[in-house]
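Chain nomenclature is as follows: A, B, C, D, E and F, assigned in order of appearance, with residue numbering initiated at 1 for each chain independently.
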Amino acid sequence: MANINFLLTEGPFQTEKWNTAAKIAGAALKKGHKVNFFCYLDGIYNGLSTQEFADWEKVPGDYFNELVENGAEIVCCGICVNARGQQSGKFFYEGIKVGGIPDWAAFVGGADRVVTL
Amino acid sequence: MALYLIGLPFAKTGLELAKRDSDAKVVLIEDGVYADGSGFGEVYAVKEDVEKRGVASRVAGAKVIDYDELVDLIVDNKVVNFL
Amino acid sequence: MEKKILFMFLRAPFGAIYYTEGLRAVVGMMSGLDEHKVTCVYAGDGAYYCLKDSDKSESAGYVKTIADISETHYYVEKESLDERGIQEGDLDGMFEVISRDDFAKLISDNDVVYDF
Amino acid sequence: MEKKILFMFLRAPFGAIYYTEGLRAVVGMMSGLDEHKVTCVYAGDGAYYCLKDSDKSESAGYVKTIADISETHYYVEKESLDERGIQEGDLDGMFEVISRDDFAKLISDNDVVYDF
Amino acid sequence: MANINFLLTEGPFQTEKWNTAAKIAGAALKKGHKVNFFCYLDGIYNGLSTQEFADWEKVPGDYFNELVENGAEIVCCGICVNARGQQSGKFFYEGIKVGGIPDWAAFVGGADRVVTL
Amino acid sequence: MALYLIGLPFAKTGLELAKRDSDAKVVLIEDGVYADGSGFGEVYAVKEDVEKRGVASRVAGAKVIDYDELVDLIVDNKVVNFL
């Protein structure tokens, strides 16, 4: 089994990166691979548990929460979180952590593959 | 073996680089499915992206793959990100 | 495990923030426990960052820290310069011009390849 | 005051969300007190949206609402199609092909011009 | 004096649209023009009062708050605010309002000029 | 008179359209200052954007303007947005 690290630098809704990331990572988890994410720049908005959009059955955050429930580790850049006014991630899903670039560097150190989205 | 993930707006740069790698496999993904991936031995296009955009005939030379197959390719090859 | 990482800067500065947040990331990659080795390459619209007179004040601190950790190369692709009408004399001295063939070799020589 | 508004769809669908949020905006513009008149034009990478087989399910509701309010034209620029190798036969019937010269005329005929 | 409406569809930090918008609008207000903004899509993140970024003296939100203090009217798309998990704008600067596309349509109706950023 | 605000990635489309408008004034703004605005009677480039990017010599044919001057142009002309 492989260890795949994702770098996600764009937020929900605005582009479809969140969707592609969730789909690839979800498929990887089902196949038994280890998956972790570092959310950088606007990527950190994907951790919010407070998204509400009546047009869609599920909001982007739900997909990332599910990834965590299925064993993915998700860490968001704390500098980016606070710069973007998201208050240390206090409204993030519980399993989505706030950390720093050292976490990302460690993910890369342990990764067999790195995918950016 | 290297797997080039090709999206927009980096498709042009990414495909030029992939051309210089005799072991290159190319994956057209997201808006990358609008790019011309012809001229490579192994070209793939992500099914969900192809269908949403209605470009099946434009990527006729590519093997259309789902996310499961994409994960297998990612696991089996070094990934080069251009998306 | 220590990795060889290539950071490709492909977006036009300063419309998007990647030109400087990418260098912040380079610092972090080099200063972690694994002490990854990083190489930077500028291509496509990213090549504009290499202009002598572009404002590097925001990233100067990162570049200095990177130099303090280890010798790091900043390459720029010749073909990208030509397509944009940029002469070698227009470039800041920290950037080394390489051919697209050499850029392809960098990709194959590194373990991880980031597009920034 | 009622205005004539041109919505230009210039970004590739579906990488960015503008292709549908732009149409949501069109509905809003037409249904406000001022009852603005809107025309849509697709050009550049936005022209890909006009492909017959592209997924229009997300915006179908907006298109229907727009039609209920008033007759609205959806144009696509011929030159953008040619550059992308798109034949007229590849297009969805709701789009009318116009020349770049006609597109320029649309710009001059409208009071407000949005890039989406 | 003219009435200028801005449409802002990108968020703080990620791109420089927020900066360009704030600079043009600030100059317009100083010249005595009427300025209003409709923040759509990621543009709504510019209203947050909770941004913290030690590297910069002022964060993007501060500039928009100043525009309001100098007479600009700023309305954010409520659907976008809630979709993006920003809870009806409860952490927005007080003068930055949450509304809908009808507000935007009304701004356009009254505008002499429309600038998108 | 129409004022074309030209940024990336819409510069190519915007400049093509502006060429078809005999009354066009062109403003290169943000990454639009990398674009080639030659061939227009009135071309402007935003000072802060030119200086940050170090492209003064590349926009030599344009009048470099500050935000105050840009506001005057916006007020005096219909604005066509390509940025």
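Keep this in mind: contacts are C-beta pairs under 8 Å (C-beta built on N, C-alpha and C of every residue); 3 or more make two chains touch, one makes a residue touch a chain.
Treat the numbers as computed from the prediction; the structure is a model and nothing was measured.
When the partners of chain C are compared with those of chain F, the chains appearing in both lists are E.
Between the chain pairs A-D and B-C, more C-beta pairs are in contact across B-C. Summarising the inter-chain layout, the chain whose CA centre lies farthest from the centre of chain E is B. At the interface between chain A and chain E, over half of the residue numbers involved are used by both copies, so each side presents largely the same positions. One inter-chain figure worth recording: chain A and chain E are separated by 28 Å, centre to centre, where each centre is the mean of the chain's CA atoms.
Chain B and chain E have Cα centroids lying 38 Å from one another. Inter-chain centre distance (chain D to chain E, centres taken as mean C-alpha positions): 25 Å. Shown for chain E are the residues that touch two or more other chains, namely 13-14, 16, 41, 114, 116.
Under the contact definition stated at the top, the residues of chain F that touch 2 or more other chains are 30, 78-79, 81, 83. Looking at chain D, residues 14-15, 17, 113-115 sit in touch with two or more other chains.
Contact topology of the protein chains: irregular, matching none of line, ring, star or complete.
According to the touch criterion at the top of this document, the contacting chain pairs are A-B, A-C, A-D, A-E, B-C, B-D, C-E, C-F, D-E, D-F, E-F.
Residues 13-16 of chain A are the ones that touch chain D when the two sit in their complex.
Contact residues of chain D toward chain F in the complex are 10, 43-44, 79-80, 100-101, 103-104, 107-108, 111, 113-115. Put simply, chain A touches chain B in their complex at residues 2, 4, 16-17, 20, 23-24, 26-28, 30-31, 33, 112-117. The residues of chain C lying in touch with chain E in their complex are 14-17. On the side of chain B, the complex with chain C involves touching residues 2, 10, 12-13, 16-17, 20-21, 78-83.
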